[in-house]
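Read from first to last, the chains carry the letters A, B, C, D, E and F; within each, the first residue is number 1.
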């Protein structure tokens, strides 16, 4: 496991993130235009969805698909309660702030998922193609739980109409991920070969550029708002991934997923959203401090998962689910 | 032909467009930044132009080049009259609106051309490399005809100075298409090999992303302005491509083009502009409703050509021009 | 050498630049969105830095590295004095304008460097991987010299605080270049293979697109402000690169670099900054006319180096340093 | 040239609220508005900028409405309902407009 | 600080007409203007936004001119000639400027 | 709705000077501002636009500050110190604001 961690640390992917953080902390003006950052994220979603679908098309679908989707949604629905309880224990945050953070941690970070897939592939660990769909299924339920917590505990929270729900369920990243998953499924191996020049060849390099940008954003966030990250909050940001990963390990093992699948289930549960949920929280819980949840998700938990978490989860999954 | 159509339908290219339309109709916020959309279109123009030129360089130039260019320009010049007559027959549109639409249909849609080239290549049907230059030659003449119609029939129309003409003839997409065509021609097979990593390897995948964006824009247009598309207008949007394609078939056959060449001639004649002509019409015929012409070109005719038209035109060209 | 020049001239890289200039001079509206242009430049910096680092990792580091870095910094520090003297001799520019231009010419143009590396590789001439680091080391010192000249000769110049110096030394392009150089070094050949699909495969094609954009910007600059380029100024723009290249040739030979290394040392010395220094000059010497220095660097010296300079420098380096 | 008095209302609001704001304005009978991008800013909740961001959570937009003076109150009520709990500032200036028949 | 009265004219017009407008302004002796991007809007001709668009047909821009009050009429005449048949709105506010010698 | 008088100061300045300007404003006690992108313009130093540019040397930005009238002078002094030797224009308009407690 230690050698895996070292290898992870020396992967261009991780180093690119580190470079971004360092540049931002040193106050370099290195930055990506907003349009480029968005373009990179559209690319990653399209590619990862497509490859997931194509992999299903060639490996056949698995009886576990439905059960895994359900398990993912359930994890997303329940983890916010755990996160909320932990936050109330460890910190003095308001109900609204704690609930907002809990929503982030119940949901998932697709780029952590992408990085994990890539690092697993680099060690020849394959996973079920439909884990991409599971990722999509885990994005939204956590929001529901967080709003329910707020509704019960405080008078905050804006009451989310059907309109807001449609918006969350049809948010761009979910639609693109699932849409390209379906396209990959329909066109299969042949479709993959047709567009491998885009979705496979430059994939890892583009992931590096994306992580470089994420590093810059994370570093700038830490520099500007690092002070909101009190020790209790940071402790949560390091501990909650382990709690989530344990839940994911249990679920993945019970479902009988492959080692790679279990690892990804752990990664999803351990990761915290930094695109979809932040926007939803601005709409639904405007009183929550965005610097707090974003700083935590992007500045603490994301690097933790990227650098230490993924090798750790793989080791645990290998131990429990058996060698590959 | 039916199997070709099915294959077309299941190509990632077509499915990406469908995904975009579906996302927009479902009111997802999935969208591409304007800069990325423009960047993708610059890439496609550069790549298709370059490859066309390189193909000429290696296959040698054909006595038919000049005649084909001329025929293209003539088609672009005459088709607007047919389109205008059809519109007056089928719809109650004003002279200015009908003329503006006619300009769009006399001109061409470069992305339809690119998609056709790609789908043809997928079936090992090659075409003359200079069809790219023919596409460029067909962009502008239709505008002239439309303005002539308006000048004769109504008092609208802004009188286009030399200034406006230079602007249309030197519009970015024509210049990039022809420019990269010349570069491809000059640098030949060797130049192509040097930059194949950009203009060949990821080409099809980037086309998918571009069509995804076009689908989103088309779907949003249909949702916002679908009501302007009365049955008569829609009928025109489906019938005019067939009229154009027939003219293209005749011209291509008389010119003695290859099966692929005839198909592309049909595609060009059948397609309707959605970049160059709309901008020109805003300048020259500001009274024309842009939602109408753009909705028709992008929302009706483009998908029709992409999904049904291209396989149909290929079948017709094969029948008339003989197997490959 | 003549055949090399002809080959250079017919490379898609050079022709793309020419196309951009032609389009702008013809007043076409062909243009790249700002975000795309920035994205392309980030890509080039990342790729060239990474490949330089990876090359060191596999070829081992060279005792000459430190000496070469030092020599580069010294050249950057001294060339502005030569440039300033030349300008006072050849033109009637103010002290501030002359000093600002001198800063541009003491510093380097990374895209000229990238183009040279690419053209050299096309002729199987390899260079020391650490030349990328030398390029970074040569960016800033020239600014110091220019400000010193102004401080001594006139009352202009804004006094650059520590703050401004940090800004210049940590400017985005230096940080990205050096950062990716280090990543390439750390991850080595294996890292390069992982992301070759991005940093190698499409590299040359992306360079073409970037040069197309640079051509457009250069052409527009010439059209808008060409009148500031008096004969004396133009003479400087053509002569200074030769002076710089000679200094680079001497330094490279004394250092005992390979033919490729000497050529790149000449290219760096001969080239003029058009990203980092212009921004620094706007801050530090706002009275200097930016149209002048930018027009000269981008409109005269860059094309000169690209088309004539690079083959000339290679020939000279071959002559002096001996065939590869 | 003939000009007509109007009010120019400029609402700087979180990007995530753009659609809600414009919807509310439409419902309040505001027939026209223009949206400008915003790249950064600072206020009580600190400094932000859009560089490198991909989500809409941290950006803002500026919405400009030109309206007849008598419609001002309706517009402000509507805008306030949306802005109230959210980050954002609203300013109103007296303006003159051409082609008043359009407003 | 010393300030001087001026007019701030804001013209929101179709992107395709930008060059024609600024050319006309120059011809009318307007020495300075600034162009801001616009990402979306709504008016009598409905809602639009720039996302995913590649052509210039459907976008707009905002052109801001600061001028001495006495030049206002000339500017408005010039602007109106371009805006007249096209989509667009024009508003004028009273402003104060620094460094009047520049205008 | 209750509104409060304020000043709307719009500073159009070189992009390279943005950080210096906002820093100076903060130092002068200006608590809020918003930065808008600018795509092109024209003035005594000629025409420019951002298309295809990659450096910050040739672009500008517009910084909008809403402030209480009594703070105007302090702001203008601070802004002038930065703008003085640089390209840029400053205009001030009278405005009304909602939620004055925020300013």
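As a working rule, contacts are C-beta pairs under 8 Å (C-beta built on N, C-alpha and C of every residue); 3 or more make two chains touch, one makes a residue touch a chain.
Keep in mind it's a predicted model, so treat the numbers as computed, not measured.
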item	value
Other chains in touch with both subunit D and subunit E	F
Mutual neighbours - chains that touch subunit A and subunit D alike	none
Interface residue overlap between copies subunit D and subunit F, same or different (over half shared)	different
From subunit C, the most remote chain by mean C-alpha position	D
Copies subunit B and subunit C - rotation angle from C-alpha fit, nearest 5 degrees	120
Chain whose mean Cα position lies farthest from subunit B	F
Separation of subunit A from subunit B, taking each centre as the mean of its C-alpha atoms, in whole Å	40
Approximate Å spacing (C-alpha centroids) for the pair subunit A, subunit E	45
Two or more partner chains touched - positions in subunit D	36-37, 93-94
Multi-chain contact sites of subunit A, meaning residues that touch two or more partners	31-36, 38-39, 201-202
All pairs of touching chains, each written as two labels joined by a dash	A-B, A-C, A-D, B-C, B-E, C-F, D-E, D-F, E-F
List of subunit F residues in touch with subunit E within their complex	10, 12, 36-44, 47, 49, 60, 62, 73, 76-77, 79-80, 83, 89-94
Subunit E - residues contacting subunit B, complex	14, 16-17, 20, 45-47, 50-58, 85-87
Residues of subunit B that touch subunit A when the two form their complex	10-12, 15-16, 19, 22-23, 26-36, 39, 122, 200-206, 208-209, 212
Touch list for subunit A against partner subunit D, complex	31-34, 37-38, 40-41, 158, 213, 216-217, 224-225, 274-276, 278-279, 281-283, 286-287, 289-291, 294
Residue ranges of subunit B in contact with subunit C within the complex	33-36, 38-39, 42-43, 46, 50, 166-167, 170-172, 175-176, 179-180, 182-183, 186-187, 191, 194-199, 201-202
